[in-house]
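Chain lettering (A, B and C) follows the sequence in which the chains are written, and residue indices restart at 1 in each chain.
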Amino acid sequence: MTQEISLRRRITNVVMLSLTGFCTVLVIGVLFFILGYLFVHGARSLNLAFFTQLPKPSGETGGGMANAIVGSGKVLLIAVLIGVPIGSLAGIFLAEYSNKTFAFTIRYVVDLLNGIPSIVIGIVAYSLVVLPMKHYSTLAGGVALGIMMIPIAVRTTEEFLLAVPNSLREGAMALGATKAKTIFTVVVPAAISGLISGMMLNLARVAGETAPLLFTALGNMFWSKGWLQPVATLPVMIYNYALAPAEDLHQQAWAAGFVLLALVLAINITARLIIARGPASSRR
Amino acid sequence: MASSTYISDLLRREPSKTFWGRLKGGDELSYPITLACTVSILLIVALIVAELWSHSQATVQKFGLGFLTSRTWDPNDGVFGALPFIYGTCVTSAVALLIAIPLGVAAAIFLAEMAPPKASNLLTFLIELLAAVPSVIYGLLGIFVLLPIIRDYLVPALRAAFGYVPLFSGPFYGVSLLSAGLVLSVMVVPFIISVSREVLLAVPTDQREAALALGATKWETTWDIVLPNASTGILGSVFLSLARALGETMAVTMVIGNTPKIAASLFSPGYSIAAVIANEFAEASGTLYISSLIFLGLVLFGLTIVINAIARILIIVTTRTAA
Amino acid sequence: MATPQQPALKDITSAPASNAAVSRSRLCKLSAKNINFFYGSFQALYGISLDIEANKVTAFIGPSGCGKSTFLRTMNRMNEALRNTRVEGELLIDGENLLAMDVTYVRRRVGMVFQKSNPFPKTIFDNVAYGLRVNGVTKKSVIEEAVERSLTHAALWTEVKDKLQKPATALSGGQQQRLCIARALAVEPEVLLLDEPCSALDPIATLKIEELLFQIKDMTTIVIVTHNMQQAARLADRTGFFLLGKLIEIDDTRTIFQNPAKKETEDYVTGRFG
């Protein structure tokens, strides 16, 4: 009797445990099949013209996305200039100056901002920038992505600064450093590798954002001059070309997807390696 | 140390207490600037809410709360109702979660309880990378890879098995609620796995050891002891994924079919809140049209906030009680 | 160790007023009057009054939790960095009110070395130069000279002179602590506070630090908290005994160890107390 029960239990044990293993393999398998497909297909569609030429007018084949690559860069530059300073200075405030209740409130609001769907941020950037200026623009797209960068900038900064041991702050202050100098010459440098990789992850995250750009940066088949004209970006190009009824444009979309994904993953991997290695090397 | 009068001269002077003297220390700048940045975040969030609210007033005044329950969306006639979008959003998210939860939790159990730590860390690293893949790329893959598979294998199989249920009947064109749900499930699985694994790992080891010492099998320990301990946190990860699924725009827009109708079948095309904004906002004309889209944005905003809040509370509760 | 011909503090304070001012500034560097200290509502120090003599080593001993560190940190106002703390009473440095001064100025004059070495994650050179740079010294030659001098005083120069650009965190524990002493010495503090500087070190590293403290005591006034009674006896000219937030007595080290005035002190130094 007991023999049989324990046999049944043993079988359940093996079956269920193998099932979890199977699910893991399935998830990872599906995901990597999909990505592998993108890499193979994308790499095949990629050529030099993709990086150097403008999109061809509809009907013609060939061409590239040089303007969208530069456009993405410009939009991201504005996003970084808005999101990183506001976010990381606020993170410094939370970690170094704020009292508990205020920090709790801010953290709550920051999480809230982080949870707002990107399409909603797009609406807001539209009504804040596009409507008053009466123009879709690089600037509007950058504002949208910049707002999206703030929450993660705040949280990573706060987290990495709080991880700096207090003894370093005391050491600096005991030498006559003001609080501000302590923060900016000891605490921030001690956390710098974490901060940089945090910002890289943050950038990688918004680099692929499409929804908030649809009606802020809009798109452009040509070079966008300055910062106040509609501008092409890689994610929006992928979206438009994927839905376009032409095989040639689908190829372009694959190529763009490949480039975008390679970029995002490269930044991600670098940043995570820095984080993983950072504390070990600096703290022995 | 009298040897260096230069240093003594410089350091033995009390800093001037005038405004400029204090400015040199940096605190007079650093505190107000960092505070201003912090407060500006509050302002930005307030501004977001205010913008959404004020720009959706036209719709609120015209249709009231009936907007949320009206089935008709006809921009040409100036009639706007949100129900098809709310329906599509909920159905696709539900499909996504129904698939992603069992898969994700099972994989998390494997990674936390079974896999050797090194392999587990590597696999988790890879899975977290997948969470970083931009949603437009999932959309692209959805259209060109997933749709054919769904059309050629999944739909015939479902028809054969459950064809008598309205949920799995009717024509299938590729773009559909089912496709959107599936793409979403692929997107949220990494979230569920990585958060659930964290929560499982936070369950104290002595609980496991106690159960194992009493003669429970590994699976019994996991199922009866570890999972209940982690259930609140896992639920948190589910809500987090739900919030993400609800607000997900690009991947859904690309495969859902963009048709504002309420159909019982998962095979028929639909529309989601985020998708209709993405599709129609740039071309919308007329105050009422735009304001209706913005009101939809406000609804989405409200939904995700509530769900995010629940998720965070659940996760905080478990990690705190576990620790 | 204690020099018998040195006048006791009581004599100074009772000397004629005009004289007192002069001898005081020479002999009494820091003076605390009736210091009370609070962490929130918890009172950690009760009415501490004492004088720290210039160019002498003063040691504080007492059981754990009796407030030695708290008092030490009150003397360079490090406790102000903690939230919700309050200090009452009077603290004078060279007869001036230390509590009313600019706090960075106080900390420049009253340096501190902590129990656990806390080198910045910078190079050895930058660690020692930090205090100078942050206080506005910019001349490279001055900084270089000061770095060498401080490292020499901290008995570390020969060991590190070839790796000044290496990270300070790569040094051994004892070297790190000497680096922290060098870092503190670089700004030429008038008083150096050390809070159990050797508690994490092995006997040889401890000996090195004791030797260097002995070397630098004619340059600066030293106050050291220690749990090691032999260390207090070896190093200190004067020793104060703390118990439960109160200063029980402070006197010449020999007196404290051989002939203390208070029963509690005797119990503690003879090991009859916890």
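In this text, a contact is a pair of C-beta atoms (placed from the backbone, for glycine too) under 8 Å apart; a residue touches a chain by one contact, two chains touch by 3 or more.
What you see is a predicted model; the values in this text were computed from it and never measured.
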Problem - Category of the chain touch graph - line, ring, star, complete, other - result: complete
Problem - Chain pair, most C-beta pairs within the contact cut-off - result: A-B
Completion exercise
Judged by C-alpha centres, the chain sitting nearest the middle of the protein is A
Exercise for the section: Starting from the Cα centroid of chain B, hunt down the chain whose centroid lies farthest away. Expected result: C
Fill in the blank from the handout: Note: chain B sits from chain A at a C-alpha centroid distance in Å of 14
Problem - CA centroid of chain B to CA centroid of chain C, Å - result: 55
Practice task
Could you put a whole-Å number on the gap between the CA centroids of chain A and chain C?
Solution key: 50
Handout entry: Multi-partner residues of chain A (each touching 2 or more other chains)
Key = 176, 178-179, 181
Handout entry: Junction residues of chain C, two or more chains touched
Key = 104-105, 108, 135, 187
Practice task
Can you tell me which residues of chain B touch two or more of the remaining chains?
Solution key: 11, 25
Fill in the blank from the handout: chain A contacts chain B in the complex at 9-10, 12-13, 16-17, 19-21, 23-24, 26-28, 30-32, 34-35, 37-38, 85-87, 89-90, 92-94, 96-98, 106, 109-113, 115-124, 126-128, 147, 150, 154, 176, 178-181, 183-184, 201, 204-205, 207-211, 214-215, 218, 235, 238-239, 242-243, 250, 253-254, 257, 260-261, 264-265, 268-269, 272
Problem - Parts of chain C lying in touch with chain A, wherever the complex brings them together - result: 76, 78, 81, 83, 104-105, 107-108, 111-112, 114, 116, 118-122, 130-131, 133-135, 167, 169-170, 180, 183-184, 187
Fill in the blank from the handout: chain B residues touching chain C in their complex are 1, 3-4, 6-8, 10-15, 17, 24-25
Exercise for the section: Flag every residue of chain C that touches chain B in the complex, lowest number first. Expected result: 101-102, 104-105, 108-109, 132, 135-137, 139, 142, 145-146, 149, 185, 187-188, 219-220
Fill in the blank from the handout: chain A partner, complex, touching residues on chain B are 11, 25-27, 29-31, 33-35, 37-38, 40-42, 44-45, 47-48, 51-52, 55, 102-104, 106-107, 109-111, 113-115, 123, 125-127, 129-130, 132-137, 139-141, 143-146, 186, 189-190, 193, 217-220, 223, 243, 246-250, 253-254, 274, 277-278, 281-282, 293-294, 297, 300-301, 304-305, 308-309, 312
